[in-house]
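Order of writing sets the labels: A, B, C and D. Residues in every chain begin at 1.
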Amino acid sequence: MGWNSWDCYGASVTEETVRANAAYMAEHLKQYGWEYVVVDIQWYEPKATTHEYNAFTELCMDEYSRLIPAPNRFPSSEGGKGFGPLAEYVHSLGLKFGIHIMRGIPRQAVHRNTKILGTDRTAREVAKTNSICAWNTDMYGVDPDREGAKEYYESLFELYASWGVDFVKCDDIARELPHEESELILLSNALHHCKREMVLSLSPGPALLEKAELYKQYAQMWRITDDFWDHWESLYDMFERCEKWCIHSGPGHWPDADMLPVGAIRQDYDPDNRTKFTEDEQKTMMTLWCIFRAPLMIGGELTKLDPFTKELLTNSEILAMDREARHARQVWRRRSEDTEFVVWSAERSTGGTYIGLFNIGEKEGTVTLPFTDLEMYGTYGVKELWSGKEIAPAGELTVDLPKHGCAAFLTL
Amino acid sequence: MGWNSWDCYGASVTEETVRANAAYMAEHLKQYGWEYVVVDIQWYEPKATTHEYNAFTELCMDEYSRLIPAPNRFPSSEGGKGFGPLAEYVHSLGLKFGIHIMRGIPRQAVHRNTKILGTDRTAREVAKTNSICAWNTDMYGVDPDREGAKEYYESLFELYASWGVDFVKCDDIARELPHEESELILLSNALHHCKREMVLSLSPGPALLEKAELYKQYAQMWRITDDFWDHWESLYDMFERCEKWCIHSGPGHWPDADMLPVGAIRQDYDPDNRTKFTEDEQKTMMTLWCIFRAPLMIGGELTKLDPFTKELLTNSEILAMDREARHARQVWRRRSEDTEFVVWSAERSTGGTYIGLFNIGEKEGTVTLPFTDLEMYGTYGVKELWSGKEIAPAGELTVDLPKHGCAAFLTL
Amino acid sequence: MGWNSWDCYGASVTEETVRANAAYMAEHLKQYGWEYVVVDIQWYEPKATTHEYNAFTELCMDEYSRLIPAPNRFPSSEGGKGFGPLAEYVHSLGLKFGIHIMRGIPRQAVHRNTKILGTDRTAREVAKTNSICAWNTDMYGVDPDREGAKEYYESLFELYASWGVDFVKCDDIARELPHEESELILLSNALHHCKREMVLSLSPGPALLEKAELYKQYAQMWRITDDFWDHWESLYDMFERCEKWCIHSGPGHWPDADMLPVGAIRQDYDPDNRTKFTEDEQKTMMTLWCIFRAPLMIGGELTKLDPFTKELLTNSEILAMDREARHARQVWRRRSEDTEFVVWSAERSTGGTYIGLFNIGEKEGTVTLPFTDLEMYGTYGVKELWSGKEIAPAGELTVDLPKHGCAAFLTL
Amino acid sequence: MGWNSWDCYGASVTEETVRANAAYMAEHLKQYGWEYVVVDIQWYEPKATTHEYNAFTELCMDEYSRLIPAPNRFPSSEGGKGFGPLAEYVHSLGLKFGIHIMRGIPRQAVHRNTKILGTDRTAREVAKTNSICAWNTDMYGVDPDREGAKEYYESLFELYASWGVDFVKCDDIARELPHEESELILLSNALHHCKREMVLSLSPGPALLEKAELYKQYAQMWRITDDFWDHWESLYDMFERCEKWCIHSGPGHWPDADMLPVGAIRQDYDPDNRTKFTEDEQKTMMTLWCIFRAPLMIGGELTKLDPFTKELLTNSEILAMDREARHARQVWRRRSEDTEFVVWSAERSTGGTYIGLFNIGEKEGTVTLPFTDLEMYGTYGVKELWSGKEIAPAGELTVDLPKHGCAAFLTL
């Protein structure tokens, strides 16, 4: 659970903003379990201003081919201190600090043929000749078969460890498998080699279902979708993605449904931008993410949180579901004459059953769930977690749901 | 749970054999939960002698285009009594009676243009012109859009209900979807129309994963594999099939891993034939079927059950797992240097956790499962269900497994 | 070059009509090279009335499982004379006689288990169990591996030879390759076994380009398209089909672009029906068919030939191109700003070069062809074959063409 | 017809070698029609030594982002003279001069952000962000939509024109279509803009058959195969490639079957290397290339030509076929019991018919070609072009052919 700068600032977030969001989180959200503060892509790019990348541009880099924060955007990094001071600040608030990286080695290091720490090999010698990212020109892939490749990645994670990084979101590496499989293994091993515990999060998606066991072994999170934004179609599709991935969720390995694009997003384009999701859609998203136990990363600017969004993100019983659910699965999905319903269920580790009812069709409607569909054969009372209302024991659950709306229950 | 004639007699089972197996089941197996006795394919074919089908041969049929038992093979059916007397006998033993049917209407009815009960339409008028089975020449598909199609299927199930049938295995209908989707719906509706409760089991497989919701709504069981025989490769493949289908298992809708080819099978070719599965492989099969909660149908001749096979089929704790498991799923699957391990887990509805450890590689090996992989964070004692041995509480479970072998645990 | 009953009468042509068309051809078209009179599909079906097939209906058949003309539609066949008298009549006019057959053996023969001439095998024993036509219920495929299969096909062609058949259009056999490849070889060998020379024409298309050498060896004609009707889209597509197949055209092996749907077609639905092709489109069709050297089969009712259509079909210089062209190929195909042009060229076996210019776009336009594109490096005079107009020698050819129109040239 | 440095020197040819081969060609081969001398890939790479490319290495480049010859390998280029002096020398011998280029703009130009002649745009601004070659790291693709892209390509061809280049082999552009289609059009237009006539040859293959019209319009040659080396399998495959492409051969547009790997090839690895093709295979290759009218480029070191190879390359009648053949096509291809035969035929523009008979199976055998298969209906005498032997007039041609051998005929 945390905050990530991408949805509101793209490639252009600054230290000032990160500090402000961290401070807000410490004061208002930490008590609900929110703790990671993550600086997303291109913190090493001095000229970045939006979500668009400048092609082939000059990047800030140390003498060992490692990218470092752009001092004009992260002043505390001046003098070779990197993200050390910023991480220290975040830690001082009782929070954790994360960064985004791109798979590979900077192209400018390769073309300048700069050194690799702890080896007499150079950037040119470890780069993979035909491995590039399809949408960003910063890096070449690293060829795991080359001498110096291992040392390069180890030098990277040692640097991040020295800064105090707790979370690394590595990009250009999940959707590309199995092509880049050996580079993922090299990178993951290098991370473990540095001794500091860091969460490894893989991006972008959709990850490959047939590679589930690989992700489980080498990463803690992996994206099951391309960038998720505030479009209903993407949320609708997420139901099928979650259905397919649910059995791969467990301790230390979490399919990742991407950030929550709520509140004030796309701030680099216009400070007035707000999510286009309706309130019902946002509740549907939170309920699905939590019963599926997806990692939760807030996409919106925290200092501009409106009351609805704040409530959405601080409902203790919904957030408990993200921690306490076990064996979540889609029970069924059916088109009724007028709309389409989905039922999810999960066990609560401390007892009881979670139930998510979703109306993902285009009309309001009434859905009935016999408890026998959950292999529960008596009568059950339930509490609705968004409203707090309780329903008296019965053999089935009947609920009216608006279009794109949901209800989340826990048996009493 | 039951017995089916296919694995030992193919298309050629006789009444005498069915009665003998039913009697054996009532005396020796019923107490463990075994109850269905199912007559498989072509009971209407007077000349059938093996698993091979005679092409275009004469079938026993009533005047309304409905197939009836061949009196030379099922003497009690003489005089239009159909399976009534045999079902009555099975019921008298406290057991249930099932039959196999092929989707469609007999080709001989179509070419003779015989009547359909309760309508002035004929067989020729309801047959679908280009719908045939790829491996059997008995039937044409029925075109749901034709007048008389509904009446034909209703007349079928009324006949089966009048006989006292409890279970209908319908063939040539699962793998062919979505092509034959509307015929499945027509058939399922006709079954419900007849008022007698009958289990509807769809065959052959592999059924289509993307049609899971359809099977759930219109059938109780559907095959997730082609005919399953005693080859290790098929059992190896079943692990992946079960992984994919596990979330679709639940009350009233069961993915079906096919019969258990154990004991004396292929009796129509040679009475000395026995399963080629090793004992370890048979335990692996039973453990997977039961933790996955697959329907259990014995394929071997019951009157020839050897001691090992009888024990295999009457282990109360393993069979309890088939009833009590919930939310079963593959936890992980990994190649170690020398072999390949799979871990399954499920909750027991009355408390506790089931764990299946499988060595599906080609060498013996030792597998370790930290309980944290199951989100169980303390120490746990377990009982191995095949041997009855208990293991003292610990934070992980370490087991030596022979090639193709398994262990099944329940936490204490 | 001939006439075929399909385009005007579907499955329902009668002897009277065939005789009338033959008589017309002998009197008015024979002198231009037209000579085959072909009775298309289901002449053995007494109840056929249109292009739609009656499913599973009774067919006229002899005691040896061979279909024979329905006497109510072909009265001269009465008394076991088959098509003998009709063929004799056609021959008496100096023309040749052809029939259509379906691959395989009648389903009614299989289900009645009738005999096969010259063997003690039966229809049931030679039928292939899972080989049917997708759009017609008359036949089962024949399994070449069965004893009696060869004898069945030989008995068929002996019957046709005894009737005096000169041309056999075999259906359900070209598009289905390689599935039915061995049945084609069996059938072709049986045809040659009967000693009478008959053209073997395969249908329906599109035939498979990668099987070109097979068709060349076992048939004289094969359809490169599904049924071709009077829709511009189909004619447009034919340019690409002809481009791909042109190198496979030669003596004794002709890719077949299907019938010419001109004049009075679909007469079984309405005697007022006429082709929907414009005059320009019909000329484009004739020009392409003739430069490509496709077999020419008139689809319209001959006795209703209007003056335009008659001229279209009797232009001696265009028809000469169908005989005299060699090495025809598409020279180029280009989209211009407003429309799309295609150039074909072929050598004339007796000297000179044929050129076809086509405007297959949606606007009129002017096309220029430098003779150097044909590897002709001087200046050339040409004659336009539809109009007879000559153009003085020049280094290129420039022509205005209406939408869907063409011009055909021969160098002087 | 010419010589290309790739097969013998890979990326490492030197001026001295080019001059020696040009001198040899002028003295010994020019009289047979050989005239182009082509410097293949990476003449701008000072460290190249073999067929392997150094990754990300420094390239010789002018201030306008244009690659120039490496002076250590091409001394006459010193002082900004480029290939001018070498081209002048080749022209002085009465021959023509060609170079190889890679599609795109040097990566080092992009990362150094160098200028583009005649515009205030820079290399960085015209590079396409995700377009690289799969096997060489020299270039980025150029994005035709960027300002400066057109000017960049025009500046390239103006430079080549100023040097006196007659032939440009552009690499990384044929197989990649349609992806790089717009870059091909941009490049081709830039070539025509420079006014000097240069042949444009596209590489590598296999080119896409469905893009034939595009190649015809924008290039003179395009490779129909990946790099062709001295392996029989590749030569065997070429028969099918030629069959498919034959109709697209004509004046100004030639499908290219790649170089002739004959004589002393792979000289950069070992001066003793010689082609692995047998003499029969080399004749088969020459016969196919010439009847198909493929461009002919010698791959072997000319100064080491052995007597067999020299004869192979200077057979006047075979070479005449490369110029005089028209409408070449595969007549048929058949497996006989023991081997496999292919027949090609073409018209000679000045009269007569060329015939190629090939045994591409693994045993010697006898092939018979009735002249009627070529639509030639009388008796014909022929001359075999390799041996000069004449065969008396007959209705068919019967020849014994060794494994992988051929015969080439011209009718008398």
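FYI, a residue touches a chain if its C-beta (ideal position, glycine included) is under 8 Å from a C-beta of that chain, and two chains touch if they have at least 3 such contacts.
Quick caveat, the model's predicted, so the values are computed rather than measured.
Enquirer: If I list every residue number at the interface of chain A and chain B, are over half of them used by both copies, so same, or under half, so different?
Expert: Mostly the same residues.
Enquirer: By mean C-alpha position, what chain is farthest away from chain A?
Expert: The chain lying farthest from chain A is C.
Enquirer: Taking each chain's centre as its mean C-alpha position, how far apart are chain A and chain B in Å?
Expert: Between these chains, centre-to-centre, one finds 43 Å.
Enquirer: As a quick test, compute the distance in whole Å between the mean CA positions of chain B and chain D.
Expert: 63
Enquirer: Which chain C residues sit where two or more other chains touch them?
Expert: none
Enquirer: Given which chains touch which, is the overall layout a line, a ring, a star, complete, or other?
Expert: Shape of the chain contacts: a ring, since each chain touches exactly two and the loop closes.
Enquirer: Across the complex, what residues on chain D touch chain A?
Expert: For chain D paired with chain A, touching residues are 55-57, 107-108, 110-113, 124, 127, 129-130, 132-137.
Enquirer: Which residues of chain A touch chain B in their complex?
Expert: Touching chain B from chain A are residues 213, 216-217, 243, 246-247, 250-252, 326-327, 329-334, 347, 349, 372-375.
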